[in-house]
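In what comes next, chain A is part of two complexes: it sits with chain B in the first one and with chain C in the second one.
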Partner chain A sequence: MITKRDTRIPRRPLLWLAAALVFVLPPMFDGLAPWVPTLLLVAITTKFWMEPRGYRLRFLPLKIALVVGALVAIFISYGAIKGIEPGVSLIIVLMSLKIFEAHTAREFHFMVMLGWVLCLCGFFLAQDLAIAVCIMIAFTLLTTALIQFYRGLAGGRIWQPLRAALTLLAQAVPLIVLFFLLFPRVTTAFRLLLTPNAVSASGFSDRLSPGSVEAMANSTAVAFRAEFPDDDVPRSIPLYWRGLVLTQGDGMEWRFREMLRSSPQFHSGGTIRQLITIEPHGEHWMFALDRPVTEPPGASLRPGNYLRSWQAIVKPRRYEVKSSLELARQDLQPLERKQLLEVPASISPRIRELAQSWSQADPDPHAIIRRALDFFQTQRFRYSLSPGEYRKNDLDEFLFRRRIGFCEHYAASFATLMRLAGIPARVVIGYLGGEFNEMGHFYLVRQSDTHAWCEVWLPDIGWRRVDPTNVVAPERVNSGFESFLERNAAAGEITPRFSRTFARQPFFAKIRLTWQTLNYVWDSRVLGFDAEAQQALTHEIGLPDVRPVSLLFLSAIIAAGFVVILATWMQFRARVQPDPVQGLYTKFCAKAARMGAPREPTEGPANFASRVSRVLPQESKRIATISNCYIGLRYARDSDASSLHALAREVQLFGSWKRKNRKSYAGR
Partner chain B sequence: MNLARLPRLRPTAALGGLVFVLFATWYAASSQNNAAAYLLFFTLSSLFIVSIPHALLNVASLKATTESVKPTFAGDEVSLPVEVTNQSGKRRYGVRVQVPDSGGDEQAVDEIAAGRAARVLIRFPARARGEYEVKRLCLASAFPLGILRAIKPINCHQRFLVYPKPEGDPRLPPDRARSARNRPRTELGEGDDFAGVRAYEPGQSQRQIDWKAVARGHPLMTKQYTTEATGALYLDFAAVSGDDTEARLAQLALWIIEAERARRSYGLRLRGTEITPSLGQVHFHRCLRALALFK
Partner chain C sequence: MKAQIDAFTAQICEVIVGKVEAVKLAVACLLARGHLLIEDIPGVGKTTLSQALARSVGAAFQRIQFTSDLLPADILGNSIFDREQQRFVFHQGPLFSQVVLIDEVNRATAKTQSALLEAMEEHHVSADGVTYELPEPFFVVATQNPQHQVGTFPLPESQLDRFLMRIELGVPDRASERAMLLGVDRREMLKELKPVFKRETLLEIQTAVRKVHTSAALLDYLQDLLDASRQRHSTGISPRGGLALRHAAQAWALMNGREMVLPEDIQAVGVPVMGHRLGHDIEQPGQSGRTLAEALVRTVPVP
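Entry: the complex of A and B
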């Protein structure tokens, strides 16, 4: 029963609450209109000025006006009231107003509850590890605020509530893990009235237009991470990650077209197994080492051997896929062949002449390819990430005048030239390379690793990969960490000197690796753990086809058992350490009580000894020794161990006289 | 530990809030298939579950003992001194001590170190005159999360007296006894003429202690004086006008206070009881006690 007086909220809990709310802010500043989190920040700051003076928002019409004003402001900012961002903004605005208004104990608890809801909102806006760490800190601080609040009005030691909160959370960890693994992940049939948040990080698209790769080349965002569980990483060859196959060429622009008739190639032997954790991009494409031959759950292998997810990928997803580096020859259908040779009519005669000159010199496809690559190698083509702007029909401009570009330009122009020379060709977009993390044994592939290359069909061996970028800029294909840093430097994200001096330091390199590994674990094991992964787990621990209700029961029973064990352990930890002197004296008192001389609560040891001696005159000497030893051990400045031994012996012997007597009575 | 003696757990209003937040989190997590939100849901529920033994053990090993209560007048406040002892080896926090159904506030003890004790004074209104007994104390704590309140009832037998509320005419009644008894015997107590010494009894005025004798090593003695009994006042229940017993007792209580303040020796006559005239704290409380217990 909390008294409903108009109490002020003590300063300390308010401080902890404010600290917690500050940690809730990062995802808010990232995803919301900036005035919303700023309002919360202002509210927190002002509260510390208002609270000691007793000021607060009291006037009801003003409150209503503020709420209406906030609603209007949200509507103006987002153009809607529905959806995740406006919804979260509304909660934050209400929280800010509540901070202005709150002053009682009940309202303090309400604010902490709202803080929990804000944590949840943070996870709606972003889920990466950095945000998760922020939110977990906020959660811990909210718990601390509650503990500080309920431990009493006087502050006490500053860090004690934080320690108590960390203890509670640490003890909760086994339960959290248990629930995370076993709590049934049912998908509620009715969807929340929230639009899924737009995933803007992708950058990848189903077309290759001039400049599309350029936009991503400077992005350090993670595309996916790949693990080779069988440790058969092909170290010697560059890692081409196949994404999408583009078959419709319009000169410099290539597009995806669903038209191939031939079925994808499945393969059983000689494959490389990969575990890939993909970052959400809001689309259907999935990646695998060139070329995937198995279908992960929830995805299919399309003609042209690329993967396509059934559902849009809006959260991190982990899947297993097998790839084969070499595939058997596959015939082309006549119609398919025709489509793979289509070129736009707008191609200039000069280009047509160039392609035809190659095929007339030697009709062997291998020779044509060699000539085309020679053309790129010898005609002073340059590789640059900022080649200036090309338009859709600028193939002439690129091939004969500027001769500067990067993978997308080379792949597009090469594939067009091949088609003109009579070789079926297509463009593949995906990623190339990736950074190997030695600590976590996985490849980290970033958006900046985006790459485009060509595939040509040869009558004798079938589809074959040709990467024209390789002849222009071999270092791009074999790029490593160094070039990654340079790319960063070019994008102005970190200065080259800073990155060179610090990133190479073993200590910082280790921190980088650790952070990447933690991110990977978070994305693959935590965010990627869904209903399917749970089913796989229950299968593995020998509970196939277990129903959600049984899972719920199982976790409840284990949780109950855990709580009982925890309580017993805590009780054991809180037991009073017995004091040997006090224990012996208590034993003496108990013995004396049995012999008819119980010690009064107010009786000092000396008084008690003299009284017991009167009751039991036979033991008076022993009683005096016990009493003197006890007083000495308790109150004398220097007490020695021998008197403790003497006390133990005398207490042991005390009363033996009576037992002996009783025996002799029995003997009569 | 004895399960039957575990404290009881009562949910607070905050539990409703928690359930709501938990449900919202679960619903959001499952409809969005958001593993991070699931993690938050599990963290919050695990935190709550783990806090249960903490809440229980926080008050389980607390003991409370009461100390004697000074008598009060009806309408005033009763102050009950309580000593709360922490018998465990861990620090305990945020304990509130309360006398259930007394209508009084609860007193907070913020923190008790292991093996230590804390003292609080619980105040509650004294209602009607009579003898009462505090049979039960409650130690309660919402620590750590304020979602559950652990309550440990503690039995005690602390009796206390509530004197009648002093009300009525403050003028003392005319001294009828004086004419009846010529020069009544003098009463030892406060006065001007030294009459000897007597062993000290707790409650006697310290001013009367023979400090010179104490300085010489003698035990505590009080110097006794006599007063010429200018007239011992008999406060008689039967002589108070009115029909209402309580009002008459209130009048008597007021007179006792006034007489004591005026240092006039007074006696009390109730139905079946008579207290011979005297003065001083012991006598004062004896008279009021008789009023409190009057039936």
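Entry: the complex of A and C
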């Protein structure tokens, strides 16, 4: 045991604590300035060198100087001392300094508590499944460290405290589940402010400029996941996920502009239902299969049939939306038509001529479109992810000289050409395809699946999707971006990424699938379990309109009930004798007690037998047999199995005279 | 074997009237190879009981009266120079006997007491660098007056622990006292007592006692008692005390003609075995060890 005299922290608890802190670090390395978690690592390592030698930080002015230095360093790193990152950094720095200083039992306690706080802080920085697993491991190890600390120096095998910790946590699982389900979700008072850094990593902006898609093409971050609950995935056609409609064309650059005129089309029949779990991107757009026709809660369907969330999406969100693959024809208002035909003045005469040549040859819009696509197909346009830089007025350069680009260039130039030829056109950005996860039955759409395509308005059928990329690089559209990259890699165009090729091995592919599925479940079911989902659950179990306070009371009551039940069960289990001899004897005692001779807990079997015989002289012979058998079985050196049978029989028969008597009385 | 023990007990009971329980405990103590401490006021038959025990065993008997000026050499023996042999010869003291009655053990000084108790534990005496074995069986019966009497040196805990049991005789009840008053002089009776069994028989019985079976269930109960004593009192029963309890219970079981120990046996010997071992609880000064031991036996459930 740790006594007051022993002011060194024993090695084993320190080892457990160190292991726990290592598992706390991953989210810290992700979200904080790198020197902060590094300092903690250094502190832990140094501690193992310091502790056996009895070294520690003792000099108070030095401690104060270090704290001040840390504060200054944090301020320099983040430019602020308030906020999540600086706050967590501060805790980690203080923890590191505590490690240098700690040497008493109280301080060890303090370090473990601080470790738990760091677990919580880890969730401030990131919430994905990998981080959650790390933090759960850290939590278990911290508990283990505390248990080991109390087992003391002489404590047996190294795994025993870990087992104890796991047992403790396993016992807590029902409570964890209960509080997860019922603890009120506070949505208004406490909101995490995501730093811009965390948001801008993903998603696209409200403009399509040359190179904007390219920036995302190499990002494997998850954009969203989509489930088709009715299992009606349109397998034969490529999946276009509609994001945002851009109507203001500026040559190679297209921008978003609110179209005030025509209302979005709502549609009821022939729709495909999707459940989409979107990753936070800090903006308002939401995605759905082209084209959404219903409004998910908290979002509206804008003119142009795209979804826009009322609030910025700063945490994972799950919504249901219906899409229709076919839409009825919609008329264009004159003003709207004018807007959709606007082209920048800076368009060169050569391009204008090209477009006009198409419309003059045959004014039928279908024919114009066909001719435009032919143009892209026959003029040796190439699809490449690294086409070199284009500026926003480089339409000429693209169409007539370099002729190399990818979806954004094709969509932008095609839409501009269509407008020049007199066909209302707009650019839609979103995602194309996605990876189908067989195990979890969902589509995983990554940032690298970002795509841009065109929509043109035809007088006879209304808005229609045209994807010029399809003409230039059909494999990009039909087989997905990943495989497209791969093929190019095989041709030597792009250097293959080791991790990507590696992940294609069947075994790893399976692991990857499983991991994706788990991630999806984590995101949609655990992180996505918000106040709304909770309300749905309480409705389902028959508790409509529960206020958060009563929910709090309810969970407290259920938790208390659970603890009482568990305690009773443990008590009961301790009392139940697994030994058959003892069980029979207990039965005998119970029978005797009903007949007016209860056994005192301290009464030995022989004394009890003689006392019961005095109370029930009719049964004295049987009592003697029972008692002798029991004594023989329990206390004698050898006992035979027959006496156990005899005991069982006699205990069964014991008390039967009374029942017989009662019957004979009744017979009279 | 039970018959012999019964006859032995019966003979002593003839001398000590109305004290069957105390006599049986004393016999159990003898059979368990333990030493006996009798604590009571003068004149209730302490000396008579020990003399009766000694004579009935047919063993060599010595009586030592402890006084405050008694020295260790007076009981252990002296080396005296022998002129004829021209060397020192060890003359054995009164302790070299099979049954030794120490009268008023708490009147001697601590030095003498510890010399005695060492011999009791080790069963041998060391003098001038030579070790002398004590005879077998070796049974010490010590009597002491209650602590509050004047001129006593109370035995320290460590030495009380060496006694297997401490019993009290108490004033006999009215009928027994009447019988005693009318009966023959006790001293005459003692002289006429014949040994019930030989020394070999006693050793045989003592060996048999150690072989009485103590099952796991019984040891559970015994350890529950020990644990309870340690939890409730500042100094609980020592492991040696636990062993003493087992041996005494074995002897008690054999006296009742059983081949195994029952919880009842433990309870029967519990108070005399544990009482003097619990006598010094600082936290409960008002309680005598006897009351504490009774409370243990009364409250620890039989598993």
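The criterion applied here is as follows: the second predicted complex is superposed on the first by the 521 of 668 C-alpha atoms of A that agree within 3 Å, B and C clash if a C-alpha of one lies under 4 Å from a C-alpha of the other, contacts with A are read in each partner's own complex, and residues count from 1 in each chain.
Going forward, a residue touches a chain if its C-beta (ideal position, glycine included) is under 8 Å from a C-beta of that chain, and two chains touch if they have at least 3 such contacts.
For clarity, every value in this text was computed on a predicted model and none was experimentally measured.
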item: Partner chain in contact with A:635 - chain B first, chain C second, else both or neither; value: second
item: Partner chain(s) touched by A:602 [first = chain B, second = chain C, both, neither]; value: second
item: Touched partner set for A:573, first chain B, second chain C, both or neither; value: first
item: Touching partner for A:315 - first (chain B), second (chain C), both, neither; value: first
item: Touch count on chain A, higher of chain B and chain C; value: B
item: Partner chain in contact with A:515 - chain B first, chain C second, else both or neither; value: neither
item: Touching partner for A:383 - first (chain B), second (chain C), both, neither; value: neither
item: First (chain B), second (chain C), both or neither touched by A:116; value: first
item: Touching partner for A:146 - first (chain B), second (chain C), both, neither; value: first
item: Touching partner for A:29 - first (chain B), second (chain C), both, neither; value: neither
item: Shared contact residues on chain A - chain B and chain C; value: none
item: Residue ranges of chain B touching chain A (in the complex, touch as defined); value: 1, 13-14, 17-18, 20-21, 24-25, 27-28, 30-40, 42-47, 49-54, 56-57, 60-61, 87-90, 93-94, 105-106, 108-111, 114-115, 141-146
item: Residues of chain A touching chain C in the complex; value: 601-607, 631, 634-637
item: Footprint of chain B on chain A - complex, ascending; value: 1, 3, 106, 109-110, 113, 116-117, 119-120, 123-124, 127, 132, 135-136, 139, 143, 146-147, 149-154, 156, 164, 168-169, 171-173, 175-176, 179-180, 183, 185-188, 190-192, 194, 196, 315, 526-531, 559, 563, 566-567, 570-571, 573-577
item: Contact set on chain C toward chain A in their complex; value: 213, 215, 217-218, 259-264, 267, 297-302
